[in-house]
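Dropping the structures in below, format is structure tokens.
Heads up, the next two complexes both have chain A, just with different partners, chain B and then chain C.
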Partner chain A sequence: MEGRKEQLKSVFYNLLSIAVAAVFWSLFSAWQQSPFFPSIAQIWKAFIGLITVGDIEGIGLFSHIWASLIRIFAGFAAACVLGIPLGLAMGLWPKLYKRTRAIIEPIRFIPPIAWIPMAIVMLVGFSRYAFLIWLGAFFPIFITTLLSVTRVNPLHVNVVKVFGAKRSYIIRKIVIPSVLPDIATGMRVGLGIAWMCIVAAEMIGGEMVGIGRLILKYAELIRMGEIIVGMLIIGVIGFIMNEIFIIIEARIFRWRSEVSID
Partner chain B sequence: MKRKQLVWALALVCMLFFGLQGPACAAEKQIRFGYLVADQLHSPAVMIMKEKKMLEAEGFKVTWGEFLAGSYLMQHMASGEVDFGSGGAVPVMITRGQGVDVVILASANAEGSSIVVKDAIKAPKDLNGKNIGTPGIGSIQDAMVEKVAKDNQVKITRKAMKVSDMPVFLNKGEIDGFMAWAPHTARAVDLKYGHEILTSHDILPGHQCCVLITKGELLNKDPETVRKVMQTYLKAYAWFLEHKDEAIAMMAKNTGMSEEVIRLALKTVTYPNPPYVNTDSLKIMAQGLVDTGKIQPGTIKNMDDFIAATYRPALLKELIDKK
Partner chain C sequence: MNQRKSKIQVRDLSKHFGSLVVLDQMNFDIYDGEFLCIVGPTGCGKTTFCNVVTSLLPCTKGAVTLESEPIDFKKHNVSFVFQEPSCLPWRTVWDNVKIGLEIKGYPKKEIRERVSEVLDLTGLTRFKDFFPNAISAGMKQRVGIARAFVTEPDMLLMDEPFGQLDTSTRFHIENSLVQLWQKKKQTVIFVTHNLEEAVYLSERILVCTQKPTKIKKEVYVGHLDHPRNIADPEFVKIRREVTDLVRWW
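Let's look at the complex of A and B:
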């Protein structure tokens, strides 16, 4: 009962914070009287227009959302498929990481946007978007997985070792269950970065659909209403995906919720 | 004692700060000038002003900025980051349609764009169902491709991309053709990636292309600065017309392309002298922008008033008459 009350309170305060932000935006917009700060009514009108009529080329808002979602999922899935096993392997065999870090670490610091010219020349169409998103999402997943292995409680490992457990048993029963929550956190960070990469990836051009492309189209026409709609959509979808992730995380790793900062 | 030291230290910092500005710096007027990537053929006067440091010789301290397309230049002008620029007339009209006070001062060139397509495409009718790259929906080239589709009753999918990437996209088969400003089209032809199917002269003869732009506020509040920039611009424009070979060498150096490609590209570009803007083509293009929704309906109440507010030739006329 107490928990439900607290949940309702959270929902109320979150709605209140949205309302306060909207009021501030409206006041600022009314004060500025500038085409660069459209009112909430103008943003809403742009949103409805994008849904009912589509963008300047008649492409509907949902087509843009779908195109971006597919690209993000492809890049993100590739990042998970490669980042988790590689992170695990390098965490379990640290020598592997130590002997290859001269190539891994510098690549980590190259931002996805710097890869764009190479991506244009070497890749085609969809693979180009997926590659840039993969670049953004891969390293948070890989590094979190790698570090989490080194942080596995040695006490747990030693206990099973005393009972004669083999290395494969330790990995399956101790290491992997211990690192899963950290991998999930890494995936959540990676997903956030994947969304951040979508505008950069869709900046390349060659396609007319995608939320990033929608924003860029209207940036060319200096129509802030539609630009803000695109930005909000990225924010809202990212937020929803993050919330879903948290719910799944809370379900799977229920034992972990025993630790709380409240 | 400590307090005294602090005061002295502060005084020293202030002296250094203001002293470094110096009387020479104080006399310099700072301006920010934007131009487009590899647009030297469309705005030769701007290239010459930059190369020969003509504005600096007039006492300006110039910060130059390069932009991917006219629409990006317009965004920076709208935010107040750029005072003067050289770019397409279409992005200027789109920006003006959004209530931003940008104005055209003079012409930079007329025509000068073309459509390059794969060898299999022989006539404009063959463009039906094809993907054509343009520098973006806010560009003059995009508006032209739209006009080609309308005039030939074909459906063309326009794909936005950087002009310098267009030949690569064409070569890789990701697009069937592209429309860009010279010399990018000539470069693709030179590399044998495709052939020219239409020039912008074929689409809208004598159309206005790039223009010299400033903010209306600057023109009203500081006409002296605008006058001085315009005078320098006209000097550079005249130098270009009189020293074509030297200018071509300069264009080749700036674009990284051979003089042969530049000469081939220049065949599609014209330079009206004196550099008055072709207002008839502005009207046609503005109407096209309204028809396609790029300028929102109801924004332009009267086309003549809109053009008169966008293009301010008074200063240009005054300087030409004086000459």
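Let's look at the complex of A and C:
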């Protein structure tokens, strides 16, 4: 457990690093004197404008955020619902994976953006968003689940085998608890990638709402202030979700030792 | 000794790992209710033997049978104390110890009684709610021992179970083991490097050779009464005999 003092220190240093980054940006923007590199005051003004008046079409910032959040969660949830059971199944029956990997593995390397035309002709509306985000989140979740099953400690399996445990008991009480932390990590990575796909997804969704859409709108107008606000919001929300994930993980996986290498 | 009922029959047992011959055509019986010690040089295949006997590992040639049939964990009540620490890290000490009873479907009340008894015996009561990452190596080893004792097995395999324990804890658990064995007369297969421990505990000691491993000699200790006196001339004589055998490994 970190001490209270250590916690305060780390908060302080994190705030300090933000301040340092802000100072650098300000100097850079003051030096450039260009509309491409707005000052912090201008970015702030854009932020307030987006909240109070909304964007060029009058859509408020929170509507954008909310729309994106829902899309992310839909795609991410679909990725979990498919990726975890499929990863578990293929880990438990390795032949299933060995005999289908020639179709699974290549798909993994096709970037979500390359799927855009395909998504446009195959899908409509909300399912386009969900599909692209699903593509991003699915593979990290699926692959980490699959790999973690193969890394279950055989000694742990033997411990219960000797007592006469059935296969279903071994899966429920040894395999699942062994792989849960890895699955959680896979989910965390998957959620990160889901966020990274949001702009791609909102390029083709058709609706004018969403954080990615907001960035694209202002990109056409070359208004950097609003674009930076959109970028920062994606970053900050991703960061908050990640932190929440870490807190939940630490709660659930209390039994894990923390590794420190300093 | 030979009129005792044979419990485990080891016939022509060989185990190869690729081209490495580890167990080489071993032939012997383990008797019902016997306390058998196996000593041998490091890497000779003692752990492999335990794994093959329990069919956790397949053998290359030959067969091991328990009461003339292949071993079946659902039917035979077996416990195994593994050489390596084998606590399940996501379970507390208490939940680790109870797992065998849980699998065998004992009622909750009996599980509670038996687990608290065996935790007392192994000195783990204070740590029952700890996760394995918060206890010492010796405690983890004791969790393994407690977990094996609590099911009151008919056949108990222990692979160097006391390596991490201090002398006093070791004596304490050794004596408990002997008492348990005297009471229940289960078949015990006990692997150790410690010759004094082997002479102190067992009825018969199998001294193994280097790989490819065969049995070099059987030494009978059953005529010494428990609790044994390590200064007793007969005890000393047997220990010396075993030591001499081992010197030429």
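Odds and ends about this structure:
To be clear about the criterion, the second predicted complex is superposed on the first by the 253 of 262 C-alpha atoms of A that agree within 3 Å, B and C clash if a C-alpha of one lies under 4 Å from a C-alpha of the other, contacts with A are read in each partner's own complex, and residues count from 1 in each chain.
Rule of thumb we're sticking to: contacts are C-beta pairs under 8 Å (C-beta built on N, C-alpha and C of every residue); 3 or more make two chains touch, one makes a residue touch a chain.
Predicted model, so just to flag it, every value in this text is computed and none were measured.
In the superposition on chain A, contact is made by A:L216 with chain B only, not with chain C. Of the two partner chains placed by the overlay, only chain C lies in contact with A:G164; chain B stays clear of it. In the superposition on chain A, A:P94 contacts neither chain B nor chain C. In the overlay built on the shared chain, the residue A:G235 is in contact with neither chain B nor chain C.
In the superposition on chain A, contact of A:P85 is made with neither chain B nor chain C. Of the two partner chains placed by the overlay, neither chain B nor chain C lies in contact with A:P111. Contacts of A:R254 after superposition on the shared chain: chain C is touched, whereas chain B is not. In the superposition on chain A, contact is made by A:P177 with chain C only, not with chain B. Contact with chain C, but none with chain B, is seen for A:L155 once the two complexes are overlaid on the shared chain.
Overlap of the chain B and chain C contact sets on chain A: empty, with no shared residue.
Remark: chain A residues 155-156, 158-165, 169, 173-174, 177-178, 253-257 touch chain C in the complex.
Interface residues of chain B facing chain A in the complex, by the touch rule stated above, are 69, 71-72, 74-75, 78-79, 91, 94-95, 98-100, 133, 136-139, 157-162, 165, 168-169, 172, 174-175, 292-294, 296. Across the interface of their complex, chain B is touched by residues 35-36, 56-57, 120-121, 124-125, 204-208, 213, 216-217, 219-223 of chain A.
Of all the residues in chain C, the ones that touch chain A in their complex are 54, 56, 73-75, 78-80, 82, 84, 86, 88-91, 99-100, 103-104, 131-133, 147, 151.
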